[in-house]
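Have a look at the structure that comes next, please.
Order of writing sets the chain letters: A, B, C and D. Residues in each chain are counted from 1.
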C-alpha cells in the first residue's frame, strides 16, 4: 500500500502518438490542416469508449490494461495536445501565414438565401460554415485546454479507477470526458459565433453528464440538472444575441464580422444600440457559463461530480468559455480599428457583474468547510476578476484608450491562464486529499463497510496532513499562492494588472468604475484569507480526526500532474511575464519577446504610473500580508509532535503558528455568517420563486389542458350521448305518436313554405 | 401502364401488406401457419427494400438534381399520369420535390426501424403487415400530386393506425383509438370541403374530368395560382384547409387527441404517429394551403404566429405538468410542431427551410423518444415519472438512449433538432424581433421538463448498486432493452447525430426549394400586401 | 248535379277526420277505418275531378283506389291478426316492445 | 290511345320475368299427380295440380330457387339493358331509359341478394313428417309448424317478387297514378314481409306499426295526388310538369297536393319526421328484409321524389324552388336526428336504421341543392349522379351489413350489440367485411361510401360555393353572403364526423369484446360469398376503373332523368 504502483507500461501503445506531428509534417501537412484532428479524434473516441465499455464491462483486460477506457481517452487527448502544440509552435516560429486568421473552412454546414426588403432574393448565398480561427487568444486557451485535459485525464486514471464505487462505470466517465474535451477544443477553435455556441452547448451537456456521474445520488442528480438549466438560461439569451448579431452582419463568421464591425450587412452602418443589446445578451450567456452573479448558483453544487470533473470543467476549462466569449467582443468595441463607439456601458456592466461576483464569492468562501466548495467559490471569484478586467478592457477599447485597454485585456487573459493552471492543480490536489482520506477511512473501517456520516471532503476532519502528503501539500501551497497573488508567483503577474487598470479607469476616467475597483481590491485581501485558511485547515495544525493518521500518498497516476503543474504555477507565470505575454495576448504583438529580468520586475513593482504603484502595493499588502495573517491566527498551528513535513512546508506551518490564536466561534454563529453559510440565500430565493411560479403554472397548464381544452371535447361527446338518449326517447313505440308527429311536422312545413313564399 | 419508381414505392407495401393479412385467412391451415411464421421477415424485407429504393433515388436521382434550376411546380420522378376516375378528374399522378422527398425518405427509413423495435409484437403476422400498409398510405400522401388521391391516402393512414392502437394499445386503447380516429377525421372532412371548393374552381384539363369539367391536379392548381376570384372564399378555404392540417400537426387548441393516442398506441405506432403522421399536417399545409393560397397565408400570418406560439409555449408548459412519460413526450411533439408554423410565418427562405428541416429532424428524434418510452412500458410496465428511480443501473442502454433522445429533443447542438431550431429562430428574429424571446425562453422550459423527467427516472436512487423499482414490476428483475429495440434506437440515435453534424445532406435541397418557393409563389403575394417582414407591429395592426 | 267543390269539401272534412282519428284512437282496427276514410276522401276528389273535367280517368282512378283500399284492409287485418296472435292486443299503445 | 300490340314487350322483360316467377311459384309446389276423371268415363286425366306432389317439386326449396333464378335472370336482363342503353315508351304511362334500367338493376340486385340471404335465414326443413295420431301434442305441433313453415316459403317469395315487380314498375312509370299504384304494390307487400317474421313477438308489432304509419302516409299521398288531379285534370307527369311551369304563383291546391305526396315518399325514404316507424320496422323485421327496406325501398322513395321534384316541379334555372327551404330543413333534421339517435343505439338493426335515416338526410341535402336553382343543367346532373350513385352502392354496403346481421339472426343475436361481440374471433372474414361496410357507411376513403359522399358534398359545394359575394374580402363577409345550401355541406361533414362514432363502435365491439358464444358461425356458404362479394365491390367501387364504369352508367342515368 505504501509503495506507489507504477503502471506506465500501459502507456506504451500511446507512444506512436508522439510521432504523429512529425509524421504529418513529413507527409506535407500544415499544422492547421491537422487541426481538425483536435476535435474529431476525441469525438470518435467518445462512442468507441462508450460502446466497448458497455459491452466489455467486466472484462479483465479492459479493466486492467485499458483502464476502462482511460488509456484510449488519454491517447485521444494526447493527439489533441500534440497537434495543439504543433500549431502553437508553428504560430510562433513556423512559416505558415496566419495573418488571414480565419484559416480553413471545412464544410458548408447550412446555406440559404435571404429575402431582401425590395422583394428580391439576395444574390450571394448565405453560408454558415464550419472552420477554424486561430489567433493568440485561441492559441493560449487551446493550449490550456488540451494541456489540462491531458493531465486531468491522467490524474483520473489514478483517482477514478481505484475508487470501488466507480467499478464498471469508468468507461462512462472517460467517454464523457473526451466528449467534453472535444467541445472545449471545438469552441476555442470555432470560426463563427454559431459554432462557438454549438460547442458551448456540447460542453454544457458534458458538464451535466459528469456532474451527474454519481447518478444515484439525489444531490448529484439535482446538481446536474441545476447546472444545465442555469447555464441554459444564459444560453437562450446568448442565442438571441446571436440572432441580433446575425441580423446586423448577415453572418456569424468571425471573418465577416471582425473584418469591419462598424458596417453591417450590405454596407449598412451598425446601430450601436442594437449591437449593445446583442453583446449584452452574449454576455448574459457568458454569465451563465462562467457562473457569475446572478447565475452563479450552479457552480458550488456542481462539486457533486467527481473531483477530476471539478478540476477540469468547473475550474480549468469550461467556465473559461464565458471569458473567451467576452474576449471575442473586443473587435466590436475597439474603436481604434473599426469598432462601434457608444458601447461604454457594456464594459461598465461587465465590470460591475465581475466586481460583485468576486466580492460575493469571496465572502461566501470564508465560511465553507468543504474543501471543494472553497475552491469552487474561489473559482467564481477569480473568474469574476477576469470579467472585471475584460469589462475594463472593453471600456478602454471603446473610449479609445488603446494602450490601457490592451494591458487590461492581456492581463485578464493572462490571469485566465494562471488561474486555469493553478485551479486545475488545486482541484487535483484536493482530489488527492479527498481520495486518500477516503481510502484511509475505508482502510480503518475494514474496507467495504461505508460510514456515510464521514465526509472526506470536510476540512474539519483534516489538519496536519502536511507530513502525510508532501507532494500534495506543496502543490496546494503553490496553487494557493498563485491564486492569492503572492508576488512573483503565477497569478500575481496578472492580478496586479487587472486591479491596477480598473483603478486607473476609475480614478482617471470613469468614477462609476470605482465600485468594481474597490470590490476587487477588497477581494484580493479576502482571497488571501480564505485560500490560506483552506491550506492551513487542511495541512497545518494537529489532526482533527483519527483518519488522518492513516493517510498515505500512494495512488498511482496522481502525482505526476501535480508535479508538472506545480512547476508551471511556480515559475510559469514569471516566465511568461518575462516573455511579455500580456502584449502578446492582446494582439499587440504576434511574437513572444524576451524582456529583461529587471525590467519586468521594475515594471511589476515600481511602475512609473503612481496610481498603479499605490494600488499594486495595496494589493500586495492586503492579499499577501493581511489575509494570510488573519487566516494563520485563526487556523494556523504546528503539526502533531513527531510529524515532519518537507522543508518549505514545515517552515510555513511553523510560521503559521507564530501569530497567536484567535477564536472565531462567536463570529461563526453570527447571523451574517449563517447567511454566508446559506450562500446569501440565493439558492433559496430561486427555489422559492420556482416553486411558487413555474411549478404551479405548469400544473395549471396541465390542468387547463386536461379539463378545459380536452374537457370541451369530452363535453361535446357527453352532450352528444345524452342528446342521443333524449332523441331516441322521442321514438316512443306507439304508432299513434308517430303519426301525430308526422302530421305536426307536415303541417309546420306547410306553414313554413307558405310563409316563405308569401 | 408503366409503374414508375414512386408508384412502386407506394403501392408495393400497401398491397403486400393487405395480401399478407388476407392470405392466411384463405390458405389452408397448415400453409397459413407456416406463412404466419415468416410474415414479419417478409415485411421486414419489403420495408428494407423500400428503404433501399428511397435511398437509391436519393443518391441516384435526387442527389444529382440541380435544385437551383428547378422551377416551382416542377417535380422530379414524375410518372406518366393516368386517370383513376376520369369522369370526375381523378388521376394517378405522383412526383417528388424537395418538400416531399425528405419525408419520403424519412418514411421509408422509419418503417423498418419501427418494425424492428416491435419485432416480437404479439400477433406479428398482422402487426407487421399493418405497418407495411401504413407505409404505403404514408408514402401515398407524400407522393401524390392529385388532391383526391392525396385525401384518400390521408384518410387511409387512419385505418392501420386505428387498428394498431386498438389491437396493441394500452388499457384505455378503445377511447384513445376512437378519439384519434374521430377527431382527425372530423378535421379532415373540413379540409375535404376546402378541397372540393378548390376543385370546383379549376378549369378543365383536356382528357380528364369528363363529367364535371374539373380536376384535382395539384400541380395545375398551383400553377393556376390565385384561381378563385372571391377573396373571402379563398380565405375561407384556407381556413378549412388549416383546420384539417393543424389538427393533424397538431396545433393548440386542436391537439388533445395526440396525447391520448400516443399514450395508448404501441411503440411502433407512436413512432410512426409522431415521426411521420404529424408531418403530414405540416406537409399538406405547405403543399396545399400555402402553395395555392399565398395571399391568404400572408393575411393570416398573425393567426399562424398565434397558433405556433400557443403550441410551442403552452405545449411546453403543459409538458411540464405531466406525470406520464409518454404523455409528456407527446406534448413535446405538440410544442415542437409549433415551431413549424413559426418558421412559415417568418416569410424568409431560412424560416421555410428551417420548418422543412424541423419536420425532418423531428421525424427522426421523436420516434427515438417514443421508442424509449415504449421500452419503459415494455420492461417496467409503467410510464409514471417518479415511480422508478435510478434505472440507469439496471438499464444502461435504455438510459443512454433516453439521454440521447431527450437531449436531441431539447435542441442540443450537433443533433438534428438544433439545426432546425436555430434556423427558424434566426428567421423569426429577422421578422419579428424581440418576440423571439418567447420561443427561446421556452427552450428553457423544454430543458426543464426533459431534465426533470430524466432526473426522476434514470437518476436518483438510494443505493449506488440498485435503483428504486416500480410497483408494476411486482418484484421481477428489471431488464435492459432487447437487442432489437437497442438496434432500432441506435440507428435512430446515429442518424440524429449524423443529420446534426451534416445537415446539408437534406438541408441543401430544402433551402433551394424554399428560395424557389419564395420567388415563385410568395413574393408576388407579399408585394401585393406590401409586406417584407411580417413584423410584430404589422401583426398588431392587423389585429386592429 | 252537385257542384264538385262540395264533394271536395266533403273530402277535406273526411280527410281531416281520418287523419285526426289515426292518432286519436288506440285501437288498430279503428285506425284502419280512419285510413279508409282518408282513402275515400281521395276517392271523392277523384270523382269530383272526373266530374269537373269530364275525364273518365278519374273514375278509373277511383275504382283502382278502392281496390287498393281493399287490399290494404286485407293486409292490414292479416298483420293485425299476426300481432294479436303474439301479443294478444291490438292497442297501438300497448304494442311497444320496439321503441327508442 | 295505344293498343296492346304497340307495346314493345322487350322493354318490360324484367317485370314479365317476375310475373312468370310468381306464377311459377304458385304453380310449381302444387304440381301433383291429381287426376280428374272425365265425367261419365273411367278415364282420368292428370290435371297436374293437387294430389300427391311429385318428388321433383316436393323439395321445399323450390320457391326460393325459383325466386333466385328469376331475380338473377332479371338482374342479368337489366344489365344487358343498361349495356344496350335500351329505351323506349310503353304507352303513355311508362318510359324506359337508362335511369329506369339502372334502378331495375338496383332493385333486382337487392332482391337477388335478399333472396339468397333468406334462403338461409328461413330455411324450410326437408322431409317434413305428417303428424300421426300416436304423436304427442308437442310433437304434433312442431310437425305442423314445420309443415306450415315450408308452406310459407312460397308466400314469402311471392311477396318478395311482388315487391320487385312494384318497384320496377314504379321506376318506369311516367304516370303519377301508376307510379302510386306500383308503389302501393311494393309497399303493401313489404308490410307483410316485415310482419312475416312471426316467430318473434316483434314481427307482428313491427309489421303493424310499419303498416299503420305507412298506410297513413300513402293515404295522405293518394289524397295529395287527388288534389293534383283536381288541379290539373291529368296525372301524366309531363302534363303536370307543363302546368307547373306555366303557373305564375303557387296554386295552393298544387302546392298542398305536391306537399302531401312528398310526405308519402318522405315516409318511404325515412325522412324526419316521417321516419319514426322505420327503426321499429327494421328492428322487427328479419335482417334481409330490413336490408331490403333500407336499400331498395329507400331507392324507390327517392325515385318517386326525384320524379316529382325534378321532372314536375323543378323551376327555371336561377329561381329557387318552392320546396327548397322545406327540403333543406328536413334534410338537416333528418341527418342530425338519424346520427344522434344511432349514436347510443344498442340494437345493431336500429343503429343501421338510424344510419339509413341519416343517409337519407344526406341525399335530401343534395336534392335541396338542386332546388336552389343555383346550378346549371350540368351541375344538377352531377348532384343527381351523386344521389343515384349513393343509392346504387348502398346496396353493397348497407345491405351487406344487414346480411352480416342475418348470419347472426339464426342464433337470435341480431337484436343486440352483444351479438356482434367478438365476431372477429368467431369469424374474422365476416367481421372484416362488416368493418368494411361500416367504414364505407362512414365515408372513409377509399371505400365507395366515400366516393358517393364526396360526390354529394362536391355537388353541393359546386353550386353553392361560388355564391358568396365577389367583393367580400373577409371570411365573415363571404360567409354571410353565401347561399344557405353551402351550409348543408358543412352540416353533412359534421354529421359524418358524428356518425363515425357509432360505425367505429361496431368495429370495436366486433374486434375487442369477448364473444357471447364461442361456436363458429353457421357456414351458409352462398350467403358468405355474397357478403364477401359485397365487401370487395364496396372497395372496388371506391376508386379505380370499376368506379369509373359505374359512375358513367349512373351519369347516363342521371342525364336521362332530367
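The criterion applied here is as follows: a residue touches a chain if its C-beta (ideal position, glycine included) is under 8 Å from a C-beta of that chain, and two chains touch if they have at least 3 such contacts.
What you see is a predicted model, and the numbers here were worked out from it, not measured in a lab.
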Central subunit by CA centre of mass proxy: B
Far-end chain from subunit D, centres as C-alpha averages: A
Inter-centroid spacing, subunit D versus subunit C (mean Cα positions, whole Å): 25
Centre-of-Cα separation between subunit D and subunit B, whole angstrom: 44
Distance from the mean Cα position of subunit D to that of subunit A, given in whole angstrom: 81
Averaged-CA centre spacing for the pair subunit C and subunit A, given as whole angstrom: 98
For subunit A, residues that touch 2 or more chains besides their own: 728, 731, 733, 735, 737, 739
Multi-partner residues of subunit C (each touching 2 or more other chains): 19, 22, 31, 92, 95-99
Where subunit D touches two or more other chains at once, by residue number: 208-209, 212, 216, 220, 279-280, 501
Each pair of chains that touches, named by its two labels: A-B, A-C, A-D, B-D, C-D
Of subunit B, residues touching subunit A in the complex: 179, 183, 252-253, 255-256, 314, 317-322, 331, 347-350, 353, 390, 392-393, 396-397, 400, 403, 407, 412-414, 418-419, 422-423, 425-426, 428-430, 436-437, 440-441, 443-444, 447-449, 451-452, 455, 458-464, 467, 502-504, 507-508, 511, 514-515, 518-519, 523, 526-527, 532-533
Interfacial residue positions of subunit D with respect to subunit B in the complex: 378, 382, 385, 428-429, 439, 444-446, 450-451, 454-455, 457-458, 461-462, 465-466, 468-470, 472-479, 481, 489-490, 493-494, 496-497, 500-501, 504-505, 507-508, 511-512, 543-545, 547-548, 551-552, 555
Subunit C to subunit A touching residues, read off their complex: 19, 22-26, 31, 92-93, 95-100
In the complex with subunit A, residue positions of subunit D that touch it: 208-209, 212-213, 216-217, 220, 250, 255-256, 259-260, 263, 267, 272-274, 276-277, 279-280, 322-323, 325-326, 329-330, 337, 340-345, 498, 501
Touch list for subunit A against partner subunit D, complex: 720-721, 723-725, 727-728, 730-731, 733, 735, 737-739, 741-742, 744-746, 749-750, 752-754, 756-757
